[in-house]
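Questions regarding the structure given below will be posed in turn.
Per-chain numbering from 1; labels A, B, C and D assigned in written order.
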Amino acid sequence: MPDLQRVVQEIAEEMRARPDRGDVATYIPELAGADPASFGIAVVGADGEVAAAGDCDLPFSIQSVSKVFTLTLALGKVGDRLWRRVGREPSGSPFNSIVQLEAEQGIPRNPFINAGAIAVTDIILSGHQPREALGEIVRFMQFLADDASIFIDEAVAASEQRTGFRNRALANYMKSFGVLENPVDHTLGVYFHHCAIAMSCRQLAMAGRFLAHNGRNPESGLSVVSPERARRINAVMLTCGHYDGSGEFAYRVGLPGKSGVGGGILAIAPGRASIAVWSPGLDASGNSHLGRLALEALTQRLGWSVFGG
Amino acid sequence: MPDLQRVVQEIAEEMRARPDRGDVATYIPELAGADPASFGIAVVGADGEVAAAGDCDLPFSIQSVSKVFTLTLALGKVGDRLWRRVGREPSGSPFNSIVQLEAEQGIPRNPFINAGAIAVTDIILSGHQPREALGEIVRFMQFLADDASIFIDEAVAASEQRTGFRNRALANYMKSFGVLENPVDHTLGVYFHHCAIAMSCRQLAMAGRFLAHNGRNPESGLSVVSPERARRINAVMLTCGHYDGSGEFAYRVGLPGKSGVGGGILAIAPGRASIAVWSPGLDASGNSHLGRLALEALTQRLGWSVFGG
Amino acid sequence: MPDLQRVVQEIAEEMRARPDRGDVATYIPELAGADPASFGIAVVGADGEVAAAGDCDLPFSIQSVSKVFTLTLALGKVGDRLWRRVGREPSGSPFNSIVQLEAEQGIPRNPFINAGAIAVTDIILSGHQPREALGEIVRFMQFLADDASIFIDEAVAASEQRTGFRNRALANYMKSFGVLENPVDHTLGVYFHHCAIAMSCRQLAMAGRFLAHNGRNPESGLSVVSPERARRINAVMLTCGHYDGSGEFAYRVGLPGKSGVGGGILAIAPGRASIAVWSPGLDASGNSHLGRLALEALTQRLGWSVFGG
Amino acid sequence: MPDLQRVVQEIAEEMRARPDRGDVATYIPELAGADPASFGIAVVGADGEVAAAGDCDLPFSIQSVSKVFTLTLALGKVGDRLWRRVGREPSGSPFNSIVQLEAEQGIPRNPFINAGAIAVTDIILSGHQPREALGEIVRFMQFLADDASIFIDEAVAASEQRTGFRNRALANYMKSFGVLENPVDHTLGVYFHHCAIAMSCRQLAMAGRFLAHNGRNPESGLSVVSPERARRINAVMLTCGHYDGSGEFAYRVGLPGKSGVGGGILAIAPGRASIAVWSPGLDASGNSHLGRLALEALTQRLGWSVFGG
């Protein structure tokens, strides 16, 4: 895959040179110190080869990218019953909006806005202690990425525990409608911690492989989810993965993707590759500015958009 | 393409046998008389062959499916300046919601909700008389479908002219923000008429070919739009093509698609085929019930979902 | 009533001296030319004496102040059945908001927001030609004010006919829910014209007398409405008379009142007086800036607040 | 005051006889056991005489009626600076709506919806321990009512502590905007406890006297607040005291009033009397059904409406 490595390298260089880098998220104090100059990219192809460039091995806070994996895990536990507690429509609202919850009886619009991801976390937690549930999530990430070194950044988790009032509002609000089963503090504890998982682009791209390959690890051949479920998770990523910037991401990049306020984006080119990019500066919708530009360049040069060559 | 014809035939038979057919739209009186037992399907492949079954040659009111073509036409006129007057994010709201317009200064969320399509029509109208603009739209449809017999059902247009108070509200509301340039009655006249275009599944699938083939007519090789624009129109169809049922359509069908309250859906399998289905019974979001089921069956059997084989 | 005349005189002088005068409404072009230096006040006491000062005899466009009188007239026609089509709760929204209508099936929150007043006008219109309905409204105003010289400013009415897109949106929206019975253009024609009635402060204060005196003209003793109805109209004025500035008006002035974007305010001191003030500069909620300050000074000096001496 | 006692007696008997009694609130489990047959009324006139009937000496949970007194206390502490953190407009929304908070940067619309009252409690709490703040509130109530036996019902407070998820959501939401200064749990602890104050109608009517008499205790002559502040608190009660039923209360009763989900209402007839009624059955807006009917009968028979004799 020499071509792919060259394209990835070129894009990393172009991104480094750009003067516009977005603004680093400040609402989680611990993330505010990230270096806006950082940029990493990693692409894992169908044959298992990895093309990577820039800060591709630097761990960053994956934040909401973790929601793809908790959704996968929760679907594994309760199957389609999950959709009784969470919708799967784009919200047309910012990531932390509470308005939609009031109109829809506490049922979050989709699993990728904060409220929805908290409800998904609550499903994983049910029947377990918070520590167990969190262990399960981390081990699932390590298994998918084939890398036991993936860890939770406790300083980030603690920072959000102290300041996550809006998420606490969302969780209590859902609890008032009976949408959460567990004590709010337990559910939020697990949520804040899985958002604080630290991974490099390389690790994240590895973890996403099953979504690019019909639910299977393309090297080991092991099935993580059914092909249908992989397609459906990709569909939810495409319509809902970037909050109220989801339409824009589909329009420009043309791939299912999930962003996090840490500046990471996981994108899936079905049948082709799992891609992770990272740059901490965000655009107005809270998605990585350079990350999106890099993915736009990548799909354009390789003809990888799901919407046509 | 014998296999495709067999699959299409099977699906048509399965759909005919289903007892659940949704409810025929009644808010446009002229449409209320449609027969819920109708079902048609047509698929035009890359080589130009057509697989079709059921009521595939019966003309129906394409209604909002026309918005794909008016968007294409308007982009051809003003290019990306179009996006100053219309957004491209999913709305999270029903097709005729006015709430979003108040929050966003009269700019419709996307070109496929009614308000957005009215704004797009206003762009096509600018500098022309309504009759000319309408002629241009109809000729564009005839050109794309390679069929000069496509016509406007005047009874349907007149019916909506008399009863379309909600669309009149949307148009006046946008006009109050300066989003429409032309007299409201002119813009709505053109809008109601292009929604009243009557086409069969076969004609509609023919008209959609350019979206499946990088902007070109695959037989003549003539370019309708650039490959990038074709991709982008597909992206907007996927995220916004089914109102507040867009997430559900992506989740179940996995193709860009645009529905109309007449019961038609145009779906695009990029690189593969342009597909039209029709059945007048609608689900709660106003999209054809059997139409969606038929498309779900089709993509599943052929592995055509953009989200993975 | 020498004291009252002195207080009124003082207030008129204080208001003239103030540098802050608010902004003249520009959304009705014909009103934009009003002189922000204008200030008028007139108070009609229980004994029929009038204290007046400033531009108290200059006619101005009463605009939404007319809604008090159309409500009175419509209640006379259909009684409490009126409340099936219009609510009587404060809206918490600007005068021309359409959001509330969507949430509440086209039923306007109260008769003093634009949508509500349009619905009230529709009630008056039913069974009549627009010209007749309008004649009835004007004659009612002339009767109440005991002044046959009150007229409609046709230039203002025509100006709003040409530009009132937002009101046209509200009317069509209600029509789509069946809340309006008459053709939208007829109802709006009457609405725009009664808003364009021109009156002086003196005439307006005279017209409001029945609300201060249990529904009767205190001089002639003629009953206009029952005492209960007079109280109830006052109640709706207090809670809803100033759009999303109604709480502020009650807090500062402490009287039932109705404002118009022409800069007029009618206020009622029950058992004591009918008061009209006018100054065209508006505050952020669209209510006369000096008008409210003048009423605040008046109630404070005379101890006329309904909330305590 | 023999007449008043007779009127009050008559009303109590009429209320007892009515078959329609509304529904007892169930969302605070401890309140669900209240007897819907209960009805009490007490009126304290300007001369200090008390007319009372029914269950006028039975303590009930005053719930949101306490918000009148915490507002008074907080205004005493920070004066008009209070209005930087809380608005004073009717909300047009249910008591526990969170939608308005999102649109207005966490600033509650008025001090009588739950969010506003929590913000007011936070002001009282600042600089104190929760226990001290609560003590101050209870002593203030005892002082106003001239009755040291007023107490907090700990079972009710504990019940709401366990189940008040929606209030916890509101508080965390405001905290995320910096509207609350203290730890959310402290503020809510004080809030839940002052809502759980138990008082009889007689005690409550005594406590409200200062609002009927220009801020003074009419017997001792001691000033609680300035006359202007008393008027203004009354104004806020009238426009905002009954959530989205405030317009209805003003329309039917015509007095400033504040209701609580325990079924109590405090109403003020300025210059005349302080009135408390209690009946646990609620109407759709969460206000005492018989309580409002009793007040409507009272003002009608005595001509006490502020909107006219």
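The rule is simple: a residue touches a chain if its C-beta (ideal position, glycine included) is under 8 Å from a C-beta of that chain, and two chains touch if they have at least 3 such contacts.
Molecules present, by chain and UniProt name: A, B, C, D = Glutaminase.
Bear in mind that the values here come from a model prediction, so they are computed numbers and not experimental data.
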{"item": "Reaching subunit D from subunit B through chains that touch each other, fewest steps", "value": "2"}
{"item": "Copies subunit C and subunit B - interface residue numbers shared by over half, same or different", "value": "same"}
{"item": "Chain whose mean Cα position lies farthest from subunit B", "value": "D"}
{"item": "Separation of subunit C from subunit D, taking each centre as the mean of its C-alpha atoms, in whole Å", "value": "32"}
{"item": "Cα-centroid distance, subunit A relative to subunit C, in whole angstrom", "value": "55"}
{"item": "Subunit B-subunit C separation of Cα centroids, rounded to whole Å", "value": "47"}
{"item": "Touching two or more other chains - residues of subunit B", "value": "none"}
{"item": "Chain pairs in mutual contact under the definition given at the outset", "value": "A-B, A-D, B-C, C-D"}
{"item": "Residues of subunit B touching subunit C in the complex", "value": "97-99, 101-103, 165-166, 168-173, 175-176, 184"}
{"item": "In the complex with subunit C, residue positions of subunit D that touch it", "value": "87-93, 100, 109-110, 211-214, 227-228, 230-232, 234-236, 238-240, 244-248, 250-251, 254, 256, 270-271, 300, 305-309"}
